[in-house]
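Before anything else, here's the structure in question.
A, B, C, D, E, F, G and H label the chains in the order they appear, each numbered from 1.
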């Protein structure tokens, strides 16, 4: 066996099966999809290059494609309305791919999602235009490249968790997203927590989990 | 003026005033405390070296001292019971300082907290002994130094957010916590999100926010 | 002379001649193979890109090709049965190339080899399914990318040497395998030792040497 | 000769002689001061540790001491009023040493200087309180540690040059100021330019030069 | 909305609208240009790859192309003569792209610009040939790759601000411009300040701002 | 509980209980020793600073001290003779501390150990003087700082596993052992495998495991 | 002017005009060659990619091509015999490009050159086969990738200067030649000095200078 | 044996026995000196901290002390006059320790040495004052910290080998000498070759070797 079925994860209701396409050989990826699709469960394939997505859509026409997010996915019919509110913001037009990956992932975990893009710190009015969203969301995903300052500024304006995602957008001393990553790790806003560079998926996943906790009736612990 | 009063934060109810002692001169720190203490609000001072803590306790006897966490704090009387459940785990005895800082911070944000220390991945039975805690907590703080693998393992066992905190425990190629930090950022468990090296405070703060969302009745968004 | 014959190595019985293809010009590589093949000795060519392998197979039809491992090789007829037991594990489907390179190398040093792939730490049950292998092998090769935590977990479950191989699988702050490498170097399991990033060959080689020591009758030292 | 007299610099009117104390042996430093003081020119000694400053003040009572800036200096009597306006801002109380060094240096180049400290991005109202200064200064020095986001935000609010100075304030992944440095170099505000970590002197010097250009009658080029 | 109109920047007279092409998808870039061009304002598009520039010129024939600088731009008719003097120097022929980007940017901010290229420190006579320019310019942009020593040498010869731009020219331990960047940050010439690697745009922008301050009649502050 | 008893490890016969002293508080360390000593098992405490060792010897007089190795230890009486042969080599006098730690650890795992120190590659005759040891040992531990070339040279002379340990000996671009570590990871000798910087303990542990496999009668696998 | 004539260098007799092709645009490179060729002086063009070399040879048929060294060059007729002796060694077949560049450069500075390739430290007999060369050369160029240990070993065997050149040969933690570079900088052989990664040209140049000093009659200093 | 006698080096006439004190324990160092001093040979002990030097001078009064160079040494009586000419330059007063170590080492290899200190590139006239030395020396040692630009400038003025030594002088992004090291490795002057950070000894040693080659009658090779 090259890939094992994650039977344990299967048991967890409401979580999609997730496959990271990048780094997998074509035959491996197709084998995994062939095995996974018959199962009656949501499915998300991340980091799928454009040509690869096209080829897979031919083979698996039941999949949807979000080209900006570079994702393939299948959602099983569901009577459950999206709940809560996850806000997804990003600093520049070029960060949209990562932001969309986060938004799609959070949606697949059952969240209602609102996005607000191109709101970098060099023009604060663009961020403040989203004041209503800033006041109502349960949790924030904030993607930014270059100096990665946007999560700190958002963190100072809200009293909810902020999931920061550095992107590899930039050049020179941005070092493929390292500058943004370090900036976010050193955020002076205490409510900021950080994901790997370009990991919109992880950010959307954690935001989805928090949103679920926030929007459901709290369990009786103890 | 050297330090400004954060009037905006004052307004946010149930959040302590937090002061990072490290890097501040003695006279600046005392001036800030003298100004802050009359206010009727919880207060947390982090990263206070032992001798410094002793000197400040003489000057400000109303403060408490958590020596392991290297924190001074004051809690204002409160009728509100701690709510929810935050789990704080760490890998080795040497990570206890960071874990305690997280536990104390979460408590000051109103959370009920349970800790489980010295549960590193080289002896998994030590982690599995905490299975009940793993099943009931709303959110997890997991501190680890060296290779920082514990958050990934915990993340695979629970379906809640895991706040990973790398610690500077280790030597040689641990590079002051960098190895643990990178390991956590690259976690293959999708529910893991990361704080700065040794930032127990930030981890406890985010965990406290999430716990609050989880344990309160959800607001009516929309 | 561009490449010297390693007469000393020739003398060591039971060791293959090994050639690292990557970085060598085509004419150099062909010259080396032309000179080496007449010798009555096992031969292993590592890191051969797919198209390059195809071209070489045309020229040297006596070679075998392991496409996953990216290796060409020739085994001389041998009456000796494989001995001992080397276990080769890896964390994800994408690490299979490195794991296969290790398995093939160990086999060429005379070892019996069993593999267990896709057993990453985010789903421990996948690893524990290999409990029999964990109890019987003399030595373990464990390949993992991203946070590279698997060798530590395996190391805690067995009392034999674990050869850890970081892979370049991952993105962002995985920095081409650096995160996994650092994680493995800082392993809290004392029986873990480390190879270069993607160096399945080196891991299989050392495992083969240890297996040989373990499976042969000990020499009388002193 | 161990240290050469910079006769060329002597000729430039209105520039202080500047000596970097750190890294110099005591006897070298005293010899340089003994030689420099008879000259009828402003003098600035930077990065002088507290005890060292005390010892030098005993030997050279004609020097002044700015303890926060860690500088010794002598200003020759001057009929010239400070001109123009340099704004010096910093993010946190702990950045004050670097900010003061910048302010003192700019003053010694003849600038009128106004400071506004503890105005970090996690509480934007603290920055906006300085709106008048933001509108009137010719040039800005902005010092910040940790994620170093303040210069970007200031840069977005003003249409003048912003000299950003990363400070070594922070811990963990701040890596001694590296995070702040990288953040500032990648600033999305086009009017930001950067100095070495903790180099308040350099920032104040460049700001002083720009202020001089701004506040004097423009020369007739061509 | 993917990209927001920077209405605030619009208000600032005499500043071009600037768009960073690199990292933007083709459709996004065209949408931004379509929206921006009707406005009666200068426009600068930076880091446009050659083929991309060709395609955009077909679509937007009102744009000019500076191939060396890799920029597209439109200048609105203006009665205002270029003012002041910005000097742009570079060390080697290969740094000309970055230097040209700086020169074009400064020109679009209204500056008179003179260039002096291929004046590296290994042959000082080439720099000294520009002595007249060294004496008359208000501000200097100095681009250099490899060891990046030229700004320090220029800084020692002039008493004006020097904007240093490291370039990614070099190989091996130049690490994509990192060596030049570090060299410039550690310059022993106090009048040197630094931009991101290859950021000719930022250098020209700051130089343009300083030149404007120098060449205009000083405002009456206070 | 701050530290958990590793009951699982207890069960493994012939393995010492090992405690890493560095990074533990005094009270924690004493509590661990008080709890561990009554057990009838070998005990090894590593990385104990000299003064700390003195204080602990007063409290626990049953412990031995190896000052060069910076270790405290207790060996329970044993009828079993040391078996096999582990060779421990090092490059310079300054590497002796790490080498001794490895030798002591291997001895506690039951190995016969021979050492050969100060045999760096700049004078090969010093290494070749140990030719008998090179021919008879089952496994080699080779410690070296600076450029860390010794393991490669040893690896070329023997056909047994070589455990390389980089040490932090050196200055400047040795970067605390990083140079030696990288050199060893890139060894062109295929039998070399690597430990963390200064990790003599880990090297001795793995060498002890391999020696045990080599010197015991091979088990009947399958 | 984009490129200045180095009139000063022209004056230095016996030194070739040297052009680094990499990083220059085609038109710039052709312009420089067109201007340089009429001069009656040796000419060396380094780091010329294969296709580029072919194109330039069509335009400038008077040039020679050394494909391994990736150089184009022209030698003016000369009555002077090569003098002295420069030895050029390298560790593996893949380092030959860098070694050849060094050999060609030294030859163009008038040196007699002997090469000895594929002599890595994992098989010392291959190096010792060159014992005569080791005893007679005035100066050594030693190129090696991976761990870069060869210069240290050569340095221990000779009492002449050794110019070490790290190459980018390797993978994983070789980090593009960084490992080899660091190893060489930390060489424990005192007679080793280091060039940039892959800088065979620089190594051959310095070796040529030293050889000239060694092989000429010493001038009467004083 | 902890330290081996380098009998091979003994045989090389005119080379001192050299001991690196840093990193060696006191007892080891004393033992080495006790064994080495009876031999009739020059002796050099480098990197000796001031207090340590004082203690050793008490024990071994036959040693001399160069406090600036931090060296102890003994020169055996010699009838041979120093030969040739080595120039040792440095950029700032703080680099004098490294420069002196180089000068002393070169002298012990028999060279005549002239020094020229405090000649940094920010004031070129200070370097040009040494024009006579620049024209007559056989070889140059150039030490510089911060941006490390001096060797490039010297390299452009002379046609002899330049041994560049980066020093750890600087702060912030000088990263302990890394900036200067990288600058020197990327020098655009072809005659520059590089030593480890602060390695004045290595620079003086290589310069001494080259000077010996230059100042002796050339041997008849072939």
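Just so we're on the same page, contacts are C-beta pairs under 8 Å (C-beta built on N, C-alpha and C of every residue); 3 or more make two chains touch, one makes a residue touch a chain.
Computed from a predicted model, the values in this text were never measured in an experiment.
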For subunit D, the least number of touch steps when starting out from subunit A: 1
Interface repeat test, A-E vs D-E, A-C or A-D, passes over-half contact pair overlap for A-C
Roughly how big is the turn, in degrees to the nearest 5, that lines up subunit B with subunit E by CA atoms? 180
I'd like to verify one number: the distance from the centre of subunit C to the centre of subunit D, where each centre is the average of its C-alpha atoms, in whole angstrom. 57
Per the C-alpha means, the centres of subunit E and subunit G lie apart by a whole-Å value of 36
Residues of subunit G that contact two or more other chains, please. 123, 170, 172-174, 178, 181, 185-186, 196-197
Each pair of chains that touch: what are they? A-B, A-C, A-D, A-E, B-C, B-D, B-F, C-F, C-G, D-E, D-H, E-G, E-H, F-G, F-H, G-H
Contact set on subunit A toward subunit E in their complex: 93-94, 96, 117-119, 123, 125-126, 129, 145, 169-174
So in the complex, the part of subunit B that touches subunit A is made up of which residues? 12, 15, 18, 84-85, 112, 136, 138-139, 159-161, 163, 181, 185-186, 190-197, 201-203, 205-206, 209-210, 213-218, 221-222
Give the list of subunit F residues in touch with subunit B in this complex. 1-4, 6-9, 22-24, 28, 32, 47, 166, 168, 176-178, 181, 196-199
Subunit F residues touching subunit G - in the complex, by the definition given at the top: 91-92, 120-124, 146-149, 152-153, 155-157, 170, 172-175, 178-180, 182-189
